[in-house]
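Letters A, B, C and D name the chains as they come in the text, with residue numbers starting at 1 for each one.
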Amino acid sequence: MNPTFSQIKLSHAGALQLLNTAIEKAMTMQQPQCIAIVDEGCNLLAFMRMDGAKVLSEKSAIHKAMTAASSRVPTGNTEEALAAKLAAATGGVVTNLKGGLPIILNGQVVGGIGVGSGTGNQDREVANHALAAFVGAQTFVFD
Amino acid sequence: MNPTFSQIKLSHAGALQLLNTAIEKAMTMQQPQCIAIVDEGCNLLAFMRMDGAKVLSEKSAIHKAMTAASSRVPTGNTEEALAAKLAAATGGVVTNLKGGLPIILNGQVVGGIGVGSGTGNQDREVANHALAAFVGAQTFVFD
Amino acid sequence: MNPTFSQIKLSHAGALQLLNTAIEKAMTMQQPQCIAIVDEGCNLLAFMRMDGAKVLSEKSAIHKAMTAASSRVPTGNTEEALAAKLAAATGGVVTNLKGGLPIILNGQVVGGIGVGSGTGNQDREVANHALAAFVGAQTFVFD
Amino acid sequence: MNPTFSQIKLSHAGALQLLNTAIEKAMTMQQPQCIAIVDEGCNLLAFMRMDGAKVLSEKSAIHKAMTAASSRVPTGNTEEALAAKLAAATGGVVTNLKGGLPIILNGQVVGGIGVGSGTGNQDREVANHALAAFVGAQTFVFD
């Protein structure tokens, strides 16, 4: 086996673009949001708390982004009993709140976007919109 | 868009008044309380643990005040499964215990008051009483 | 030996008086302060962040009060190398910043008062003034 | 005394402008940076980790911004022994690393900007440049 492999990384220009399109969408929806973007290592790349967004959504938005980047699937679909155990085992970092989506380019997870302050459905709508505006990024269909 | 906006802040004189009226009410009810007042940024402004109040209610009273200031609605009305996820994702700061009320002046949230040591209904009665005695503050009706 | 002993406790009325006289003094000095009062168990009794006081002095004011209540002497006089070890070993709770004074009534430590946002000398002047206005409380002389 | 007072708050549009000008400056200097902007309550408003910036500078950039917003002066000028005690007493949040500047508009502190990954002098040069491009913001002169 090879001792190394190549990883696509999201640049700060890419993160800024995701941030800007998420902000625009949230303004159109008239629902201020906290928006967090992390890389594939779950480290924070970009963050914005919009005017009127909940102060305490900073942490949950970041945790949503981290959870999606790590699990590689949207947050909010884990069976409840398992979700509670995962949250406890990770000090609350792994969250099953809706609003976290993995950022997937050419089938490779390059990070996660987490949105919080609205309803769970609003949060993931904003996140999904930002992905839709990002060339090559996978988007998600929710029930 | 404007680079700034204006925000009403609660002064320490205002916080002291809320604290004093909450203490008076709790004494009338003969239910000692922990009482916390935070500003709109969820930072602690004022706190009192009354004689006989529960030592461990310090943290929960502060978290109630923070939750109400951030969410802008009374604590205790969130659906249980969502509340558990929000608590986990924020290290327990976002709480669904009754007894946290937003402090709303002229339609603007300027902070939160959190009360704890009694029953949930007693806690929010004390918080609501303090708001009722504060000129211009919104009060709440509970079932 | 007796299985129990008696402890004088500071009431919330006493804590409120200390808070009020500290606030008055700080206003006279035109130096807004964070003021914390803890009981002999180092648990928070009362707190106030005055208008214009430093947000980040909340934690340090509380830690000063806790340190003084526990050590039973004013903060700020520990030899530097020892102080650094004590701070490290207690997660920063034991602090050698000036501005923490024990509350001593009839020779018994009933708690601590911690003040922060000004210079160390201003901080302990406010704390000492609050003690001077409290009947029976020991005050301190600083160089 | 008045129960409230008025405070200027930095909008997310203002925070985004500071972020963008800081990024531009850092690119011109060819020194990638972590850039954090907090409001006057020390809560995070905006953050960016540029390509090549140090992962572990996330926390220090945020702490620089918080320290400057709370103390209302640039970080890095505190006497060393005092700085060490302040850091310990606040769990490392209050930092004396260079690179944190208060955001002062019309004489009112509305937040702080913290920059980290370069040398201390590079960090504060980027922060100061962002302030210089912000209409009405105070800038700083360093030796």
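One rule holds in what follows: contacts are C-beta pairs under 8 Å (C-beta built on N, C-alpha and C of every residue); 3 or more make two chains touch, one makes a residue touch a chain.
Everything quoted here is computed from the prediction, not taken from an experiment.
**Q** Which neighbours do chain C and chain D have in common?
**A** Touches both chain C and chain D: B.
**Q** Show me the overlap between the contact partners of chain A and those of chain D.
**A** Both chain A and chain D are touched by B, going by the contact rule given at the top.
**Q** Go ahead and note the Å separation of the Cα centroids belonging to chain B and chain C.
**A** That gives a centre separation of 25 Å.
**Q** Taking each chain's centre as the mean position of its Cα atoms, how many Å separate chain A from chain C?
**A** That gives a centre separation of 44 Å.
**Q** Would you kindly tell me how far, in whole Å, the mean C-alpha position of chain B lies from that of chain A?
**A** 30
**Q** Pull out every residue in chain C that's touching 2 or more other chains.
**A** 51, 55
**Q** Taking the touch definition from the header, please name the shape of the chain graph: line, ring, star, complete or other.
**A** other
**Q** Using the contact rule from the top, write out all pairs of chains that touch.
**A** A-B, A-D, B-C, B-D, C-D
**Q** Which chain A residues qualify as touching chain D in the complex?
**A** Going by the criterion above, the answer is residues 9, 11-13, 15-16, 23, 41, 43-51, 55, 58.
**Q** Okay, in this complex, where on chain D does chain B touch?
**A** Answer in residue numbers: 1-11, 13-14, 17, 39-43, 105, 110, 134-135.
**Q** Write out the stretch or stretches of chain A touching chain B in their complex.
**A** Touch list, chain A to chain B: 51, 54-57, 59-60, 63-64, 80, 83-84, 87-88, 91-92, 95-97, 120.
**Q** If you look only at chain D, which of its residues touch chain C in the complex?
**A** Its residues touching chain C are 5, 40-42, 66-67, 69-72, 81-82, 84-86, 88-94.
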